[in-house]
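Encoded as structure tokens, the structure appears first; notes follow it.
Naming follows writing order (A, B and C), and every chain is counted from residue 1.
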Amino acid sequence: MMNFEYTIEQKEIREMAMKFARNEMMTVATEFDLSGEFPKSLFEKAWSHGLINTCIPEEYGGVGFSAVDSVIISECLSYGCMGMNSSIMSNDLALLPIVIGGTHEQKEKFLRPFTESYKIASFCLTEPGNGSDAAGIKTTIKKDGDDFIVNGEKMWITNAGFADLFILYGTSDPSLKHKGITTIIIDPKTEGIVIGKSEKKMGHRCSDTRGITFNNVRVPKENIIGKVGDGWAIAMKTLDHSRPLVAASALGGAQCALDHSVNYAKERVQFNTAIANHQAIQFMISNMVIKVEASRLLVTKAAWLLDKGESNTKVASSAKAFAADACMEICTDAVQIYGGYGYSVEYPVEKLMRDAKLIQIYEGTSQIQRIVIAKEIFSRS
Amino acid sequence: MNIFVCIKQVPDTETKVTPNSDGTYIETSSIKWIMNPYDEYAVEQALLHKAANTGSTITVVRVGAVKDTEVLRTALAMGVDEAILVDAPDNLDSYQTAKAIKGAIEKSGKTADLILTGKQAIDDDCLQVPQLLAQLMELPSISVVVGFEGTGSDLTLRREVEGGAIEVYKTSGPCVVACNKGLNSPRYASLPGIMKAKKKPLAIHSLTDIGVNQDDVRVKYSNFVLPPEKPAGKKFEAMEEGQQAAVVAEVVGLLRTEAKVL
Amino acid sequence: MANVLVFTETQGEHVKSVTLEILGKLAGHNVDVACVGSLSDIATADLAKYGAGNIHSLTGDKLDKYSPEGYSNALHGFIADKSYDYVFAGSTSLAKDLMPRLAGTFNAGMASEVINFAFEGDNFHGTRPLFAGKCLAKVELVGPKPHFVTVRPNALGLPKSPTAGAGTKALVAVSAGEITAVIQEIIKGASEKLDLTEANIIVSGGRAMKNEDNFKILHEMADVLGATVGASRAAVDSGYAAHSMQVGQTGKTVSPTLYIACGISGAIQHLAGMRTSKVIVAINTDPDAPIFTKADYGIVGDLFQIVPILTQEFKKLLN
């Protein structure tokens, strides 16, 4: 029989991660949103409970989570705060290329330290002139003796100001387009790296976001993942793993907005009755429930296909696009249900609405996901 | 040393509780269950005491329905070594529960050097089991404990009583300690802990296995009902400074003349 | 007619008033009273007035300070000689600790925290809240006697015209037996006031108190009313108040005559802990706060403005 049930461990993971989200994250989410401060000590606590770096395999010191386990954790932490979860999830996005394409030596050298103390990794792909058109990136990685020299500019890099490790995508030759893309591991303390100021953002305000300039940055050749020109293939495989995680973060935000809305609708009285008794509100809530349930099925299936070792590109992009759009719609409706209070920073839902928007944009916009899906349908038949 | 921790599975404090159709207990089908909050302090204290007394093992005991073992597994994931479950209805009375715990401890073959419990379960709110268990096992018990110091079985325990006063007890030898909120900060079950928990031993006994039967029933419950709803109260608007004195005077007047409580 | 023993505790010259509530409710039965230590004349007179037959003062070594083992051994020895059907006590912090152990010495059953009771012939049945008052149930006792019952303070109320008893005083020598867990010292609490669970009036503060210092205005009102100050879980978790002050499902369940909730929104777990209060006054700026659904008198206003005015009004009224 088909089985939709989580395993006992997965239920416990969920329980624990939700407890952490409620007690440790939700209680301070507003405070950090207002100050824009990076909640490093909270992240250290999350790390000590095994909630960070879920992608690291057991043989390199990780807990040994399945992809389904990882999306459960991402959903729960995002329920606590979408912005904090961005910074938490960023480690996985950055480390996945090493997990997927790295040698045993690279994994020992670069992954294991992340299991021994709390460390931060940044994923450096986007550039000032290239976002969705990732194959058009301009940052160069040129061979120079036993080293490589990196030159270029990166933009919107999550955790950049705190990172212990950069994973950078560059090109050996921009004219080769995606065939020139190469992935390299860089120590942020290397000479020639200039880290920009923290960007002021609409949402995810406690997540650190910066531009980085690389001026003749010398990196040893052992830091190349795979070979020169393997970068595009590694990036595509990485996305199959990261999209379900990002989709799960949208799901977490959506579930949070839904729960707030239900509670508020039961308490708020208008026309002498709780607004939950008005059909207009009931329909909005019902639509939220439909979208949350559908998101969860897509997210879980995308992760489940990965665990089975099957191609998940189409489902993962569907999950990312659907869950991100659903999260935006649900958070917007949550503000509507709260009415005037929803627009006030005294109540939690306006922050959710601001945070939700980014998930439609980063890690492949909702439009790019649709291009990926279309490609899966038309180019593969 | 052998540390035992007794835990109970209870409805979440946020859960709405409704009587079942024949009024013999509550409707349990749609309830979210959690570890009794006070028991979390007992588990944490056991883990702290184990860390300070090398070579100790912690066994967690739960008396309750076998259908899910979640709270026991949570305790294992927090770091407890072994678990014992006594399969029993969720509404067993305190005497049967205490006798079942005693039976389970005896059946484990270990001599208990320390038994930790929560100060009360938040479902039946009886506050009986720790003291009863201690009496049945002929051990001292200290309840409502907010301070725990010492090594091995030489303990200084602070019991909270009326008005926030503290009684300080000294014990040397096995005893039952019932823990209150504020004793410590219970840790989360870590994710690696959750993955390891499935490999830890979990023994299940029936009530008959450990010698508890119908003759041990002491308390009978019936007629579960919701408390009567209060009639709607009176509400006064006093956001404006000009209204406040009059409103307060009116409320105080009503407290005296209508409610007759002053 | 049942033979009943009521265990009492003193507070200064007086017995705790829950004892008198129990005595009043037991009118018509053979009721004795026992306490550990001596009783003042005032206490004896009160007990007699509310129906006590024999009043036993238990004395012996190692009983000057409470210990669960010492008190339990002493009372067991005393009760075993008599033929009591029931032993009652108020659900005070001492009795909550002692009574289960004492019941255990007889392998007997105990009904905790009843809020009402009656007898059919000689058979007790009581009503008690479960799930922090979210449900009520009927409780009956079976098995070996005596049966034990603790009664929540302020639940029964004092009878208007009590039936007096003989009030015959007797000193009884008892043995505390072996005490393994020994009390070293007793550290006085910050408040000399009645514990929340026994308080007749409670003034409680919530998250809206904003900080610990602001509780001062609640203490001022409490002093005027002779009330005890409580707090919501939100206030305790935010560090504004000690956990011993917490009212609610994971704090104390209370049923005072008057409960004044200041800046408490009324989360379900708080309501569960105080809903059995006789009269509830709520002060909150949010007119939709759930606390108002339970309040007899709700004031929509800022507690920092309302509380001082209220304190002045109470002062005027009570002086």
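As a convention for this text, a contact is a pair of C-beta atoms (placed from the backbone, for glycine too) under 8 Å apart; a residue touches a chain by one contact, two chains touch by 3 or more.
All of these numbers come straight from a predicted model, not from anything done at the bench.
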* Report the chain closest to the protein's overall CA mean, measuring from each chain's own CA mean. => B
* Sort the other chains by how far their Cα centres are from that of chain B and give me the top one. => A
* Structure fact -> Ranking A-B and A-C by C-beta pairs in contact puts on top A-B
* Indicate the whole-number Å distance between the mean C-alpha point of chain B and the mean C-alpha point of chain C. => 20
* Between chain B and chain A, distance of the C-alpha-averaged centres to the nearest whole Å -> 39
* chain A and chain C, separation of their C-alpha mean positions in angstrom -> 54
* Contacting residues of chain B [partner chain A, same complex] -> 70, 73-74, 77, 188-195, 197-198
* **Sites on chain C touched by chain A in the complex** => 288, 290
* Mind pulling up the chain B residues that touch chain C in the complex? -> 11, 13-14, 16-19, 26, 37-38, 93-95, 98, 122-132, 134-136, 139-144, 156-173, 175, 180-182, 215-227, 230, 233-239, 241, 243-245, 247-249, 251-252, 254-256, 259, 261-262
* To do: Over in the complex, which chain C residues touch chain B? Could you list them?
  => 66-69, 72, 92-94, 96-98, 100-101, 103-105, 107-113, 129-143, 179-195, 198, 201, 242-246, 249-251, 253, 257-258, 268-269, 272, 275-276, 278-281, 285, 287, 292, 294-302, 305-306, 309-310, 313-314, 317-318
* Asked: What residues of chain A sit close enough to touch chain C in their complex?
  -> 267-269
